[in-house]
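Chain naming follows the written order as A, B, C, D, E and F, and within any one chain the residues start at number 1.
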Amino acid sequence: MTDRDDLVRFLNEDIPAGDVTSDAIIPDISCTAIIRAEQNGVIAGIEEASMLFSYAGVTVTPHKNDGNRVRKGDVVVSLSGRAKNVLLVERTALNILGRMSGIATRTAAMVAIVNAQNTSCRIAGTRKTCPGFRRFDKKAVQLGGGDPHRMNLSDGILIKDNHLALVPLGEALRAARHHYAYKKIEIEVESAADAVKAAAAGADIIMLDNMTPGQVRETLSVLEEKGLRDRVTIEVSGGIEEESLREYAACGVDIISMGALTHTVKNFSLSLEIQPVAPGTE
Amino acid sequence: MTDRDDLVRFLNEDIPAGDVTSDAIIPDISCTAIIRAEQNGVIAGIEEASMLFSYAGVTVTPHKNDGNRVRKGDVVVSLSGRAKNVLLVERTALNILGRMSGIATRTAAMVAIVNAQNTSCRIAGTRKTCPGFRRFDKKAVQLGGGDPHRMNLSDGILIKDNHLALVPLGEALRAARHHYAYKKIEIEVESAADAVKAAAAGADIIMLDNMTPGQVRETLSVLEEKGLRDRVTIEVSGGIEEESLREYAACGVDIISMGALTHTVKNFSLSLEIQPVAPGTE
Amino acid sequence: MTDRDDLVRFLNEDIPAGDVTSDAIIPDISCTAIIRAEQNGVIAGIEEASMLFSYAGVTVTPHKNDGNRVRKGDVVVSLSGRAKNVLLVERTALNILGRMSGIATRTAAMVAIVNAQNTSCRIAGTRKTCPGFRRFDKKAVQLGGGDPHRMNLSDGILIKDNHLALVPLGEALRAARHHYAYKKIEIEVESAADAVKAAAAGADIIMLDNMTPGQVRETLSVLEEKGLRDRVTIEVSGGIEEESLREYAACGVDIISMGALTHTVKNFSLSLEIQPVAPGTE
Amino acid sequence: MTDRDDLVRFLNEDIPAGDVTSDAIIPDISCTAIIRAEQNGVIAGIEEASMLFSYAGVTVTPHKNDGNRVRKGDVVVSLSGRAKNVLLVERTALNILGRMSGIATRTAAMVAIVNAQNTSCRIAGTRKTCPGFRRFDKKAVQLGGGDPHRMNLSDGILIKDNHLALVPLGEALRAARHHYAYKKIEIEVESAADAVKAAAAGADIIMLDNMTPGQVRETLSVLEEKGLRDRVTIEVSGGIEEESLREYAACGVDIISMGALTHTVKNFSLSLEIQPVAPGTE
Amino acid sequence: MTDRDDLVRFLNEDIPAGDVTSDAIIPDISCTAIIRAEQNGVIAGIEEASMLFSYAGVTVTPHKNDGNRVRKGDVVVSLSGRAKNVLLVERTALNILGRMSGIATRTAAMVAIVNAQNTSCRIAGTRKTCPGFRRFDKKAVQLGGGDPHRMNLSDGILIKDNHLALVPLGEALRAARHHYAYKKIEIEVESAADAVKAAAAGADIIMLDNMTPGQVRETLSVLEEKGLRDRVTIEVSGGIEEESLREYAACGVDIISMGALTHTVKNFSLSLEIQPVAPGTE
Amino acid sequence: MTDRDDLVRFLNEDIPAGDVTSDAIIPDISCTAIIRAEQNGVIAGIEEASMLFSYAGVTVTPHKNDGNRVRKGDVVVSLSGRAKNVLLVERTALNILGRMSGIATRTAAMVAIVNAQNTSCRIAGTRKTCPGFRRFDKKAVQLGGGDPHRMNLSDGILIKDNHLALVPLGEALRAARHHYAYKKIEIEVESAADAVKAAAAGADIIMLDNMTPGQVRETLSVLEEKGLRDRVTIEVSGGIEEESLREYAACGVDIISMGALTHTVKNFSLSLEIQPVAPGTE
């Protein structure tokens, strides 16, 4: 339900003191409108856009569901209501749809590449999201078939290099296990030796950071040897691009997390087209 | 001052119920830390990141100013304070710096291309920003040397195709001029004929939407002929990419606005590295 | 849409912990009620009052529209609903209607005086509004036929005496034009010489501050002589009272702005009268 | 402490997206400034204005205290700090000072008139305040020597004509006394007979609404006769103007409440004058 | 109306980033559900729970009203709607009902004990409530038949020991009476002598703090003797437990206030049971 | 950092329109004050109380740390500052300390009982907290040595009876594991058979709900037999009181969660005593 507050804040960001253009020139008439995909991909943000149009008194008819594949030219949503209100929400709704669909489309592409190699390997997001838009970035990753990873610093334990600069690995894992019974414990390591140490000390998830595919394969085989592979989930992370994805997936890791899914987003192209409603025909 | 509320909200988004990792494993010790650029570009977001670290009681020493060019490896900011507090703000600060610097860096590149052709031609942003992050996206455009364009629907009059689907161009311009004495009036047109009509009817800025460079040149020469060129500012917009930028700039337009500056952002890469402070040496 | 939050905050200001009188003595019955004008004038605030009564579950029937002229005794709005809810909103709604109608009524009177002299001269408000009520004060000025002037410090450039104490006029205008392509630039001057300098330097609007009608006439004729009159909009401001209004309007200025429209408001008198609904007749 | 939030909201109302004038033209320099009274009266709002300037990092030196009498030309507050920050707060601070001092000045004048007749008679405000500014309007009444009356609908029991249209007087008083042991009960009556009924039924305060001075005197003598005068506080209210004030005070009532103190405010005139600080002399 | 904001905040406290369990496993189906009392007592919080379920789009049918006595097994509320939404609100609604009903049940028991001794003696709450839940704690006291006492520090004057450590009793009472005409004045005393002094100086309510029943009886008889008993309301307070209640009530005091009503709450036991709705039978 | 907003909201709840008692009677003087424990136990809330006093400009010296054992009469915190400000925060601070210390004290007692039987068995809280005070209730459980369990519905997966009324156990576990890689999965079961099924299907934590100690022992031995005991964490829950705690702990479970820790709190008794500072001695 907190989404609602966020969405209304996004809208208000665009209208601190009304819509001066509509106030000056648009009469009090009704219109219909259509939001159309201008490219192929996975659509996301329909729920959010619909909420905002409804909030402004516009009737919304979704033609697609969030997570659906759409093709260029497909109608995503149709609208009818007071013309001023459609214009008021237009840009905010398109910004939400454009970013979320961009993320979902890219995630889905990454998932497809990975699953072609390894059907049980997941693509995950990170916390490298646009400030203030986190929950929508994460939802878009999910709609594209990815795992959102932890939502925030309260959500899960992840011991990273900067923690390990302050506390030794073994001590950190002991303290974390002692502190929480209900949370999985993830730790970032940079060598096979540390991966073994972490698995032996009871880590649930081990993130292999900035390793080459070769180093990943080696780490997995050492864990296997020591009988520790089954106890832990293995995630790889750190500068993984579309090109190297296939190779990492083929190593047999469980999860590949990619910051670029949400920190370097290509907007998904959509248009909104308004038609006046002839008086009397409404 | 409203920025402060937004920044604190961004931080709170990451810690709805504390930082569970630090709570479990990090002792109450001091640290120093350094934020470093991991690529070349224009840095932006130092003011915002500094505000957040200060808010969390961390002492901040900026080594660069917002808008400065930085090179890979440059220290941008150094920090000292309670280790838990540095860790608390780390991701939010890097997300802000990464997005804002990404926008500033790209804008500066576009400005350089355009100014090589036409020193009086400006690059401008649009309202295609990340919802909730508008003011920071716009500030980053400015830091990169661009014009922020209107901040929101309250900020300026821009009569677009969806308005003109509801009200004829002449009537729209008359109503706008009658309504506001203090605001410039911009109108989007798709033909040279409409550009002439708009200029004659008193538009202050004419946006040539989705025109080819050829169409832009023709429109400008028709306006020149009719003695209307000097009365209006000419903006071009609509799907302009890095490749075509040079050609548009050479046409002699006043402003080129690009949605991609803020809707399709490439994150600027930075790192934060923590060092413990040995007790007694503090 | 942000208006809604403001209005609800106004209501909550009156009921931090419920309505203790109604809680103690009013049974759970229905009522009808009527809001009546107790003087002649221009009504404003109906949209806001209606929103609040609706928010509290009261059915509202407006008998007038915002901006309409009303006469003493006219019914402005009729209400029906739970008696407790009508009582809850009563004072807040009347306070809004009383202030907004007071402003609209006074503005309309000023506009009538000015237009009798000069049909193209406008009356404008200022930012001298009641803190927290700005947007409603400004809307009331518009409903009375006035121009709201800039809404806030983000809305337009106005270079005033305190700016000019820090930066020379020419430099200020150059910097402003360089900084924004999308905003008109207004500057306050106190002499004909500065008015000429400002017009020549590209100011869009020149505010003649605290000039006598004689000084205004002289300034206009100097601008005319230099061929600069048509390039600029001329506003007069500063302690203009009802009495001197006619004379300023006759000078041929474009806008007269008056702080008193919103800083020295005479409340518009209205009453709210409740009738119980006999059970069974509802 | 909630005042702080309100004051910051007032400031933010003026700067939804920064101060575009200062951003464009004001360099990063220091200044001093002086706020001066431009008329005689009672100053109010210094605490609020000081809080806002401090919030913006400006150093404030008050030369007067809230509630002090000031004369035209007196320095009220002096300021020093970053020029941009002084300019940012200027209008909001002056609006607060202007309205609050206007209310305090008028209240003090009314108190002086009344006390010349009757030293124990009080002037009180009402809830007819500017929406969103209630607490500051009430504080200004107090600083002028008046009684704020109830702050809001949660603050005290006041049974008015609209309540009595729904519940008989006796029943209303009984219910109120039964409901609350900790609150005084006030009731509005329109006849001497109802005043007697109310006093007998245990009302603590009786408001004589819209009575002429003659009717007030008669009501007081009937109460005296019945031995009820000492049990109750007598308030008169309803359209009391400056002219009739003396006469009401002379009747021997305890309180005279006046809506006009806060619904029809004459702004108190103040100015703010900035001086640049020469670099090196700071 | 401010309750609504509080209730939504309570709900959002439980779902900062959605309900991860439902999101993962619950299909988009409808359900019915029943909230049942699991003990005897006085129910409170139905209005609040209903508001929250409605807010989440669930249809609510109350079977009891707030303040009603219920028996173990009674259905309090029945629900129907989207299963995910019922689950979303379940815990927050039960927490509200459990705490409020616990308070109302305990208050009603105390009222019954007291009234068996003295029908005109009231039980009152204090400000010792759970931070953030004040208004609901107070409402629950009222639903149990108690007096809420003052809601907050703005609501009434209560001069306590810590005030009297700073200002002498007589002076404090004089200042309070001078300051407010509309508020009752309560003072806490620890001896019969101070009670007499306070009554003589015009206190409306005297709180006998931490006195034994014997000391209370003595104080009352001294006040009686001096002819001051009828002028004041007598409240006893301070560590009064269920056991001593009867004896204090028998003394003839007007009010007994008990911090334990809200600071030491026994949760009222309720259950919520969900039934799926077979598709097609809805 | 969000704690700060909550704490300020708690304070503002007590002062919607100022502290009317202090405003009327307390001069502008300084004081010192002491907060003292009035019973033995574990103190909690010092950080929160200190934050609030500091926020109000009062200097705070803590004499204990959160989580420390205190004895009746111990000074917990000493204060010095403006008397009005100490009085402003007094009640809110004591309410926070009283509730949090009450919870911590009770939790510590339960932990001691359990650990006497089984040093590896933990006591955990639930989400049965006071609405709006969740994070402080949970923190108090931790300070008393307990595990906070999940903070909210976003924080962890817990499949309960109401979920299982809608989805079969096996399907629910499959869906949960498929949905999240980063979260532990807990499920509530009511029989040994379901415990086995859950453990086999990959649940991380199994909550044995409302089982007698005998049933718990049987379930554990069945799990042991099937070789599943080591794979899962076993929690018991449901109406466990102080008396039965020992017996459950002796069964060999890993966690015992108790709603009563936060839904049925006994306030911890503290006092605040003010001393005026003689002028000149400050």
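The working rule: a residue touches a chain if its C-beta (ideal position, glycine included) is under 8 Å from a C-beta of that chain, and two chains touch if they have at least 3 such contacts.
As the structure is a computational prediction, the values presented were derived from the model and not from experiment.
In terms of C-beta pairs in contact, A-F outnumbers the other of A-D and A-F. Taking each chain's centre as the mean of its C-alpha atoms, chain B lies 45 Å from chain D.
Centroid to centroid, with C-alpha atoms defining each point, chain B and chain C lie 33 Å apart.
If you average the Cα atoms of chain C and of chain F, the two centres end up 52 Å apart. Within chain E, contacts with two or more other chains are made by residues 15-18, 88, 151-152, 154-156, 180, 183. A complete topology is adopted by the chain contact network, contact being made between every pair of chains.
Chain F meets chain A in the complex at residues 122, 124, 147, 149-151, 154-156, 180-184, 186, 204-205, 233, 254-255. Against chain C, the residues of chain D that register as touching in their complex are 6, 9-10, 13-27, 29, 31, 33, 83, 87-88, 90-92, 94-96, 98-99, 102, 127-136, 152-159, 162-163, 165-167, 171-172, 175-176, 178-180, 183, 259-260, 263-267, 272-276. Remark: chain C residues 1-2, 5, 135, 138, 151-152, 154-155 touch chain A in the complex.
Interface of chain B with chain F (complex): residues 8, 11-12, 15-18, 55-56, 88. Those residues of chain E that touch chain B in the complex are listed here as 16-17.
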